[in-house]
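Following: one structure in structure tokens, then a few remarks.
Chain IDs A, B and C follow the sequence of writing; residue 1 opens each chain.
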């Protein structure tokens, strides 16, 4: 890593920005994990806390934005320093979005829990959620360590998430077609699945920013996509 | 003469010694025509020394030895047959501290054309003086006091007078050695705007301590360190994504 | 807490006794130092004023001369016996004789030879020149009787001025009682008057004090200084320009520099010996000529001018040179268009100092013979001449009393001469002075 700035307070400023992002990332991670966990364990009380905590996330993103603009105005960063500040601001916005998705998952989970008769397990959902959680965790690690390769690995794994989403989409459609009482739960599950898939997409976006931070350009090849849910329909049996 | 994307100045293996001390270790640098090239680097890195090689001002320093060649339009200016006086009419220089002659504004600008015999009549000379002052953006401010002493102007005006003096002899290249370091920000901005306008007619090489200035004003930047060119490229690229980690460290204000 | 007199205190905090004591001691030291400075200036100025005023006071009598009106018969047979109207013949007539005749006629009772000699001593032995000059201007007066004013002799002159006391006994007085009587005879008739002593400026040196003047020495000094200036200024300035601007900085130029600095300290008489050996003996130049004197003095002035010129050139900041070089001026153009005009004030100052020194030099000129007794005003730089300082020395050594005020007057003239040389140079320096 490059050595520190001659003006030490510049390092401190950048360090502070980093810390803010790490905390923001940690909180977003936690929100997502808690939301999935609440759905799993049918824990309504936790859901309220998750929804309330989203305000904290928003505030953190707001502060980080302010701090970033301050650093640009006062320090006139160039090259890597400039990329770092820009990337941090953009990633913060993405993490706030992820937080919003987590809040949405929690809200919809509550509806599902309140209206279901029996607890139904959804293995695919859990698997997809776990994968995306892991991706988010890995990409945040990659940000802290500056490991662009680690970040790019996350991008590849999104294909798996897309495939899972496509099959889960089909599964949920199938279960909804089994009976009208499955429709409301199923609809919310569709949205939850979509949210999880979107979170996955966002982590790849973060990965690309990390690549840009390190190399000064974006990855040249197209992000591999495998989400066919937008063109899926129920097979007429 | 418009050399689009052709190199106006080419240096090849330029080494400069001050006595036993080697200040420049073999510089190969190509300066493009009709654009602004900035030379940046920490104190003592050799950027001013290299600048002064282009108009052979190092010749007047005792104990200074220059090896290698510098080609302007293909002519080696260090060849034996090269007339230094002619060279300095082709390659003008503006210095760090404004140094107008202790003469009137008119005489300051007219001196160069006079000694090079560029203006056969008084009218021609008047015209040359007016043109130069206009090009240097000073005419409006001094046209009614051409006989005032050059040193009665403000710092920024004096520096523009020096620029007018340099371009009065119709040079092809204008060298600027930290031209704004003694000026306030407004005067600096005026001169930066002037440089922007001048580049369409002259090739400009500017040494500057301010990286912001280099990034604002130049199209190409060369980073000097300890007598070597560490990196040379488009200014955009040097300041957003330099190839060399030393360059990155310098422009970010990092140690080492 | 503590009150510190009327001194200005910077801090509002109360001061400790030590601090107050230190402050007071410092103020005392400053006042003492200022006093020392003022005392030094007062002493220096006092000595200067004392010197100058005593010289000026002593010189005043020399600026006036006393004349006595004689009735002179411009006898044709004495002046131009053959009516030739030839200026040369008229010039060579016995003018003093006409005066003697006049005196005899005025005092017919004087008979003995000794008495007559005393009578003739009433007027200057060169008084005949006045009659001659009158006749040459008015040739038609030949044959008539005219009353002309002629200068008195030196002792009579001093007596009238009061420098010889009438009341002294005759043996102590240089003027005899008889002479006193004759003088009083003219004085009673109002035929003795005082005029400005033009002779001091119009005539050359003379054995007779009342006839002695500075014209020879003045012109000699002027010619010598001109030669000195003409030789040392261009050579000195050019040498300095070469050493400072063009010569490479190596051992040889270093040695030259050291030698030039040492030359400035060589005793002036050595230059005189050098002049004697080289200019007079080897080159066979004329002795006592302003040419040789000027050459010798220019050797002395050269180091001063070179050093001052170099210092002046070195004080021009390199930015001016760089600016000129940057525009494409050649080395010579840089020097002559830019550096030299700016350095002129300093160069001229050095030249003034050197010339003033040279104008007052005596010892080297002694060796080449400019201490001679020169009567005629020199006509060109190869004719025999003397210089003001030499003239002063010679007059000072002369035992005749009348030379005393003349010496002081000569000193005053020399000082005025130097002042005008300085003033001329300062005028030129002001002309060249430019602000940069």
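Everything below uses one rule, namely that a contact is a pair of C-beta atoms (placed from the backbone, for glycine too) under 8 Å apart; a residue touches a chain by one contact, two chains touch by 3 or more.
These numbers were taken from a predicted model, which means no experiment stands behind them.
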Does the chain-touch network form a line, ring, star, complete graph or other? line
A student comparing A-B to B-C should find more C-beta pairs in contact for B-C
Distance between the CA centroids of subunit A and subunit C (whole Å) is 106
For subunit A and subunit B, let me know how many angstrom lie between their CA-based centres, rounded off. 54
Roughly how far is subunit B from subunit C, going centre to centre by Cα mean, in whole Å? 59
Looking at the complex, which residues from subunit B come into contact with subunit C? 55, 57, 60, 62, 85-89, 92-95, 97, 99-102, 111-112, 115-116, 149, 151, 162, 165-166, 169
Subunit B to subunit A touching residues, read off their complex: 211-212, 215, 239-242, 245, 248-249, 251-256
Which of the residues in subunit A end up touching subunit B in this complex? 2-7, 10, 76-83, 216-217
Can you check the complex and tell me which residues of subunit C touch subunit B? 248-249, 319-330, 333, 337-338, 342, 434-436
